[in-house]
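Below is a structure I'd like to ask you about.
In this document, chain identifiers A, B and C correspond to the written order of the chains, with residue numbering beginning at 1 in each.
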Amino acid sequence: MSRSNLFLLVLIAGVAALPLFGEAYALRLGTIACMYAILALSWNVVGGLAGYPSFATAAFFGLGAYIAGVLLARGMPLAGAIPIAGIGSFLVAALLGAALLRLRGHYFAIASLSLIEVFRELVNNATDLTGGGMGLNIPLAASAGVMADATFFFYVMWGLLLATAVMVMAVSLSKLGFGLSCIRQNETAANMVGLNTTLYKSIAFGLSACFVGGAGGVYAAWVHYIDPSDVFDILYSVKPIVMALIGGLGSPLGVTIGAFVYLGLEEVVWRNYIQIHSGVLGVIIVLLLLFLPHGLMSVRVRQWWRRTKNV
Amino acid sequence: MSEILRLQSASRRFGGLQALRDVSLTVNKGEVIGLIGPNGAGKTTLVNVVTGVTPATGGSVTFDGQDITRVKTYQSARLGLSRTFQIVQPFAEFSALDNVAAAALFSKPGEGLKAAREEARRHLAFVGLEAQAHQEAATLTLAMRKRLELAKALAMRPKLLFLDEVNAGLNSAEVERATELIHQLAADGITIVMIEHLMKVVLNVCSRIVVLHNGQLIADGQPREVMTNPAVIEAYLGQQYAQRAGIHG
Amino acid sequence: MLAAQILINALVLGCLYACIAIGFSLVWGVLNVINLIHGSFIVLGAYLAWSLYQGFHISPWYALVIAAPLFFVLGYVIQRVILNRVITAPVLVTLTMTFGLDLILNNAMIYYFKADYRKLSLTPPMGSVSIFDVVVPIDRLVATVAALALTGVLYLILRRLRVGRAIVAVRLDRDAAVLMGVDVNSIYAIAFGLGAALAGCAGVLMALIFPISPLTSTAYLGKAFVVCVLGGLGSVSGALAGGLLLALIEGVGSAMFGPAHATTLSFALLIVFLILRPQGLLGRKGFE
């Protein structure tokens, strides 16, 4: 196991200790941190590893949220609803991926971006099933009081993060990861050496959607109420990209650190500049892209991190 | 001699441009064929049609008894067709070793990465790049990248190998070295079709020459006959020269 | 007659859509940048028209003349100072960059103007007119004509002015343009400025017809996207073709499935076109 992966596991293990130190606020923050890390790690599979800059993360976050939400509202337990949300997202993504990933560059970015709109409108219009624009109420999964609720959901999200990290590591060490790396570097050559690029890209897209959908499901159960414009929010697509850019594309450890750093920034800004918080976010994005295009990892690249950069 | 590749009236059209027009060609196992013709004649298009990069818009292509007219590029690779690109296409970030390992890995199902890397070492040794095994492909010189391209093509253990201008951009020493490698491959029994502009290499290595001009096949045969074929001379040098050559016959 | 109603509405709306999209299309076609600020530029233009009318009783037609140079300068500066530094980066970076800039602009507008919807009501109101038994509000009609005029102006600029020819050259082949002596950085900034100016003017026209709020910027952006993909990038005719096609499909779709599905329909169409014919009706293949 490479050094970078080891550190990642240590980091995640460390995060698990959060409930020992925190009250409700820390738990809430920790849950969101885990969720952001899941989104960023998942995006990295299709964006950093395969080289296809997807803006579809929000589409599958919302899809997972609604799949789980609808199932939970109909009485299914959490242990069933979340995996189904994940698997459902995987299948939809893999199928769509076969068609969408034939597009390159800008066209792919736009197509993936449009998925958010299409999914949102579909959910909006399926009022009988999803409550449409009026939103969906989700019954409380654990009712042993506020703290137990918060701790419970923190660990569920944390568990999902662990699973995502394991998935990402397994991919990068496997033939799939090697192939995706080939596709990123030179798709023509990848085809020529016998790689079924369409299949690989579809799987990558599916994997990038799977845990995102699961996270959406956990989110829905956690907040008890969702509506289309809440979960199908383009920010859920852009934030993971910013996190990956902060940490350095391609490296799971970097991306995770990027997620935590981003959350830290977001909290600070929210608490101090609430009225202009999205404006400040915009400024952060602009400055980041102008001055640190290779992310924080690039700052330490000259030192002993260099060899662990690309798992 | 058994047939390994057959093009039957193959055509390829790009909008208004007829890049290949009714090309019929048979390649036998073990042959080393030189595919020549002026620029824009359709040589690379022919290779693209056979390997599925730009499928034929007319006619058919049969490889080893199988109809591959509609087959996708990665499938043709797995069937035993391999090619080098005129403008080399390496995996820039990978080391030379991983470049070749990728070719070994994906062209045959069931092979693992470790075994692929072992095999890659042998192919790198064959082309003389063992010393550069761990160097990033992007940092190699052009001649080295061309040899890397060849190593990748070989790692696919092809039945038929297309070489697209392997000598472009190389100096005479490098050309000689490449020619030796090709002799070696031919001796090992791989069928080769090479697109080449350097006539000295073609005459040195090839047992048969095929000439394309404006998408059509205008000559196919022994080097001596092809070189004195008036149609071929006309294609390269123009009508007047061909007439003059005709008189001297 | 229903068919006539749909057709006339589609014509009017189509020209408006084309006007919304033309600046976006220009920037995408020439700079290869998907400008996510475009929607906010339009809304800002609408606010400009509204403020000028509310505050100084300046008619929107004059607002057009004021908006154009103001927005041109805004766009020129943004491109030259910020965007140009990442102009050669992959789409991931440029798209996220314009997203960040849009967050700033949009947030600023919410902060100053608040998110409530405003309406620019002309006094006296312009009323409506009847064409082939179809009722069309006059302000919409005049806005349509103005929209056509704007696209016409751009067309003339690209065809007749030297700087316009340079812009087209850069769009067709950037490297060749450099070899011809074109100062590409300058052209990028000018093209972006033009795109911003067109957006601002489109916003002025939109103020006459639609309610104004920063929350509508994504709707305008979405329309611009779809029009560009349908019609093809970087050309005036493409924007017109795309705008008319979109308006027609929305009109027919609305009549058949109800207005609520109009947006879904347009985005689904976007995806279909991207997969089957990414260069749009009139575009040229190979533009990544």
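FYI, a contact is a pair of C-beta atoms (placed from the backbone, for glycine too) under 8 Å apart; a residue touches a chain by one contact, two chains touch by 3 or more.
Owing to the predicted nature of the structure, the values given are computational and were not obtained by experimental measurement.
Trainee: Could you tell me which two chains share the largest number of C-beta contact pairs?
Mentor: Most contacting pair of chains: A-C.
Trainee: Compute per-chain Cα centres, compare each with the mean of all protein Cα atoms, and return the closest chain.
Mentor: Most central by this criterion: A.
Trainee: Which chain has its C-alpha centre farthest away from the C-alpha centre of chain B?
Mentor: C
Trainee: Approximately how many whole Å separate the CA-defined centres of chain B and chain C?
Mentor: From the centre of chain B to the centre of chain C is 49 Å.
Trainee: For chain A and chain C, let me know how many angstrom lie between their CA-based centres, rounded off.
Mentor: Taking the average C-alpha coordinate of chain A and of chain C, the gap between them is 32 Å.
Trainee: In angstrom, rounded to a whole number, how far apart do the mean CA points of chain A and chain B lie?
Mentor: It comes to 44 Å between the two C-alpha centres.
Trainee: Which residues of chain C touch chain A once you look at their complex with the stated criterion?
Mentor: 28, 32, 34, 82, 85-86, 89-93, 95-97, 99-108, 111, 218, 222, 225, 229, 260-261, 263-264, 267-268, 270-271, 274-275, 278, 288
Trainee: Within the complex, which stretch of chain A touches chain C?
Mentor: 47, 53, 55, 99-100, 102-107, 109-111, 114-115, 117-118, 121-122, 124-125, 234, 238, 241-242, 245, 275-279, 281-286, 289-290, 293
Trainee: Show which residues of chain B lie in contact with chain A when the two form their complex.
Mentor: 51, 53, 72-74, 77-78, 82-83, 85, 89-94, 102-103, 105-108, 112-113, 152, 156
Trainee: Okay, in this complex, where on chain A does chain B touch?
Mentor: Residues in contact with chain B: 175, 178-179, 181-182, 185-186, 188-197, 310.
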